[in-house]
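Below you'll find the structures, each written out as structure tokens.
In what follows, chain A forms one complex with chain B and a second complex with chain C.
Entry: the complex of A and B
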């Protein structure tokens, strides 16, 4: 079920504060965050976040199109290594 | 055969059903169109007068996105997801379900026909 409209989009308060601070500083640094559930707001365009994926921080450069998505969507939590069959395929291709 | 929005409407079917042959028009929109143009849902497509066909065509063009335009819109939406590199975009890229369904079994609509071990070898040999 989606979040109620009454509440508005969710942005972690501390993150919001940091965004404002970095924007005001004029020379924004990377913002490290664990808040994967925070919505990307228009204020964040042009900033770079380091979004935690459970193991490490994935750098995310926010563009206009990303507004309305959540930060976690850009930091995949699962690694997929191709199947054994897939490897065979590529080897066969090289021959 | 009346052509509406670039699609042939089958003659022998009720117009309510016939309109759903257009991409982007299902039963709900079909009914909306017919109530707005005051056409009985039970008329056969072949019994439609030219004015009625024109009225439907007019309404479809102005109020709804159908066929090519709709397909284009869907494609641009998908391209946006892929370009921003979000989770759904990644799933689109790898041709897997985007809405959290399981892929351990099933998911054949997205994954396509099952590749058996032998068939894979054949493909790789080409």
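Entry: the complex of A and C
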């Protein structure tokens, strides 16, 4: 169910304060958060979050493609075990 | 280069000796260009090269016609075999794309020269993959993304990262 446009995006208040503080510091640290429901805002681009998945923190480097999504989307709670091997490939993320 | 496990022959297809092949990666990019595969008849023996005379993609698998396999009886002997391919036979990737088998086993260092561990695995996610780097004591997850991963040097088996403070805790 999408959040009402009237209410605006949800970002946890404490998380927002941390984001502002890390941006102001000039040398941002990783930001630990349990707030999986917070939406990625443009302020967060370039910061690295450690988003809790119920068991451990998963590091997420925020890029502009992630804006509008929720932090929890990048920290999966279930592990998919596929067959080892094969021609799996990954692309290096861009800023 | 070397052989990597690529998929499995799951069953025969039709009566003319065709077989159905499932790739482990669930990616179909390399299937249409592949011209040869290898299987091991006995464990520890040398691999047997099979030439693909015809191939076509069917749903999330491929149908192979293998040279010299012309009957359902011959094809049945291949069912269940793990298929290996030569890494040099796979498609070349773009500059910023890497096969997992190339990345696994690389030594990871910080830009200050500190050894972090060896890439044991990767976690695939839609927008950002993660390197699973392990040393004797700890496991680290490192996003495979440009400002954090500075350099991937396949020739020297080395990845250089610039970790933000707190990433390696």
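The definition used in the following text is that the second predicted complex is superposed on the first by the 82 of 95 C-alpha atoms of A that agree within 3 Å, B and C clash if a C-alpha of one lies under 4 Å from a C-alpha of the other, contacts with A are read in each partner's own complex, and residues count from 1 in each chain.
Here is the rule we go by: contacts are C-beta pairs under 8 Å (C-beta built on N, C-alpha and C of every residue); 3 or more make two chains touch, one makes a residue touch a chain.
Nothing here was measured: the structure is a model prediction, and the numbers come from that model.
In the superposition on chain A, contact of A:8 is made with neither chain B nor chain C.
Judged by the touch definition given at the top, the superposed model places A:37 against neither chain B nor chain C. Once chain A of one complex is fitted onto chain A of the other, the partner contacts of A:66 extend to both chain B and chain C. Within the superposed three-chain model, A:58 lies in touch with chain C and out of touch with chain B [touch as defined at top].
Using the contact criterion defined above for the overlaid structures, shared-chain residue A:27 touches chain C, although it does not reach chain B. Ranked by how many residues of chain A each touches, chain B and chain C are led by C. In the superposed pair of complexes, A:74 makes contact with chain B and with chain C alike. Common to the chain B and chain C interfaces on chain A are residues 63, 65-66, 74, 76, 85, 88-89, 92-93.
Contacts from chain C toward chain A in the complex involve residues 4-7, 23-27, 29-30, 85, 90, 93-94, 96-101, 103, 122, 124-125, 127-130, 141-149, 152, 164-167. Residues 27-30, 32, 46, 48, 50, 58-61, 63, 65-66, 74, 76, 82-95 of chain A are the ones that touch chain C when the two sit in their complex.
If you check the complex, the residues on chain B that touch chain A are 80, 83-88, 90, 94, 115, 117, 120-121, 123-125. Contacts from chain A toward chain B in the complex involve residues 63, 65-66, 69, 72-74, 76, 80, 85, 88-89, 92-93.
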